[in-house]
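Should a chain be cited, it is by its letter among A, B, C and D, assigned in written order, with residues numbered from 1 in that chain.
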Amino acid sequence: MKLVYFNFFATAMLLSSFIGYAQEQLPGDITADQAQLIVNEANRLSKKEGVVVNIAVVDAGANLKSFLRMDNSYLGSIDVAIKKAKTARYFNAPTGEIGKIAQPGGAIYHIEHSNDGLITFPGGVPIYNSAGYIIGAIGISGGTIEQDHDIATAASKIILKK
Amino acid sequence: MKLVYFNFFATAMLLSSFIGYAQEQLPGDITADQAQLIVNEANRLSKKEGVVVNIAVVDAGANLKSFLRMDNSYLGSIDVAIKKAKTARYFNAPTGEIGKIAQPGGAIYHIEHSNDGLITFPGGVPIYNSAGYIIGAIGISGGTIEQDHDIATAASKIILKK
Amino acid sequence: MKLVYFNFFATAMLLSSFIGYAQEQLPGDITADQAQLIVNEANRLSKKEGVVVNIAVVDAGANLKSFLRMDNSYLGSIDVAIKKAKTARYFNAPTGEIGKIAQPGGAIYHIEHSNDGLITFPGGVPIYNSAGYIIGAIGISGGTIEQDHDIATAASKIILKK
Amino acid sequence: MKLVYFNFFATAMLLSSFIGYAQEQLPGDITADQAQLIVNEANRLSKKEGVVVNIAVVDAGANLKSFLRMDNSYLGSIDVAIKKAKTARYFNAPTGEIGKIAQPGGAIYHIEHSNDGLITFPGGVPIYNSAGYIIGAIGISGGTIEQDHDIATAASKIILKK
């Protein structure tokens, strides 16, 4: 058993050694520090507002970067918050704007069936850096759609102040 | 083969022994006795009503706790009943209330695409304990939406009478 | 809104009316009473054995019929118990027998990738009626594989005693 | 449209008002503060160790509570870290212990096909509170399996020091 473990270990070391010469993350992508700053700001704003929410931040590749579920918030909002963040980055727009044209008869009705399910009501917005580039997105779920959208928008801008 | 099984048996016993000092279930979560009481009451009420349904109870973590499919009820209602129970717990509200704002043009239209599929018509309700805390949820599927909702609501309250 | 509800109601009534002339369930399939009898017996035997398990019963069509998660049993065993029951009915054999030939190099290695995932270690067994026909299956998860198998086998036979 | 939104806003407020009298989270479950403390400690330990990882914390119901992906860590480790945390809570044991009996020929070989996929190599461990109860689990992915396990274990204990 020890030998087997050793083999795994060696392979894992090999994999890890890639990091040394090939930076995984693109220059300019959202950093863990920025993502945590945004999550903590959304947490603070939600407490101030008296609402409990789920907070998800994805990177420029629409992959989960940081997440926090506030105490007593909806269990169902875990997935909604993550899908809002992904939807906002998938189409580089606030989820509420996508929802306006995803209604029955709308131009992109049924787009919600793509990408393992989209959420197209307000609460997800792109995250911009100071140069105006989209570097990720944030999704908030748990309050009213207006609260979710406002908290997401305000929290996403905290990185511009630093 | 017997020897191999014996070795793994010993390890499995080790795993089981964790239960001894670390209760898996949080104090205050719905118990198996409560879940069965609710399922049996829903079964009784459905028979009295002359309708055949699927009955699902989930715990506070939205995980399946007890289930019964009555004879001659819809096969398709297995998943509907489970999803109704989960939906009610995910958002701490009767599924019919969620459905009201999940219509086209509604605030949370398309939320049904989250969480591997939600059911947002009546028949799922949270289960409250005598202190007013939500400890799980019940989903009923097989009758009309009014019957499903009424049976779910009445059955969920049987634990308050004991 | 009232009118919309009325329409749903009418459609649901139409669906329900099928039951009147077309019994959904095949004659000879496991009944809800039998399934509950088996689940309760497995519950009783597990308590006697001092082990906490998840108990799943499926019908002749391999669809969930009854389920119970005992207090403090593994959350991960919900799906394992259901998959054991389904696997036993899918191939009309105890899951442990299937597992013997599903090992690397075995005749049906990788069969576990079919049917949305099979569980091929002991704990699932077919349920026979007094005429020797398979009418469903039971899956137990939470104890050692020997305990799970023994409880499943003993509980499945309770319906022969009535 | 504004009017419609207003109506649904009112209903959404109604939903939110449920939180007022029915605490969503069971007393004794892991809190957001505890989860963030653990994530931050895992982040700190990983930096000290010179390794970049994904960090996931789930609650007692195996639902995601907090998450962080360190810069330059594997994209593929997002799901591995989350599945490690869930697996550890599903079976109340370190993932590496589960993996020992999930090898070919082992007692629970193929269990990894349950629960939408388990991860059964080291890096996931239960989180205990000071009374010895399991209140959640942590999963680490990105280093060697030994590093992942050690960081997970050490980080999970930070809440005992407060």
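The rule is short, and it goes like this: a contact is a pair of C-beta atoms (placed from the backbone, for glycine too) under 8 Å apart; a residue touches a chain by one contact, two chains touch by 3 or more.
None of the values given here were measured: they were computed from a predicted structure.
Listing every chain that touches subunit B and subunit D alike gives A, C. Comparing the contact residues of subunit A and subunit B by number shows a mostly separate set, under half of all numbers used being common to the two copies. For the pair subunit B and subunit C, the distance between C-alpha centroids works out to 17 Å.
Each chain gets a centre from the mean of its Cα atoms; for subunit C and subunit D, those two points are 30 Å apart. Residues of subunit B in contact with two or more other chains: 5, 8-9, 12, 19, 23-24, 59, 61-63, 91-92, 100, 105, 107-108. Viewed as a network of touching protein chains, the structure does not reduce to a path, ring, star or complete graph.
Here, these are the chain pairs in contact: A-B, A-D, B-C, B-D, C-D. Interface of subunit C with subunit D (complex): residues 74-77, 79-80, 83, 99, 102-104, 112-113, 117-121, 144-145.
Of all residues in subunit D, those touching subunit B in their complex are 1, 4-5, 8-9, 11-12, 14-15, 18-19, 21-24, 26-29, 59-63, 91-93, 97-98, 100-101, 105-108, 126, 128, 132-135.
Residues of subunit C that touch subunit B in their complex: 1, 5, 8-9, 12-13, 16, 19, 23-25, 31-32, 35-36, 43, 51-52, 59, 61, 63-75, 78, 143-146. Of all residues in subunit D, those touching subunit C in their complex are 61-62, 87, 89-92, 104-105, 107-111, 113-115, 118.
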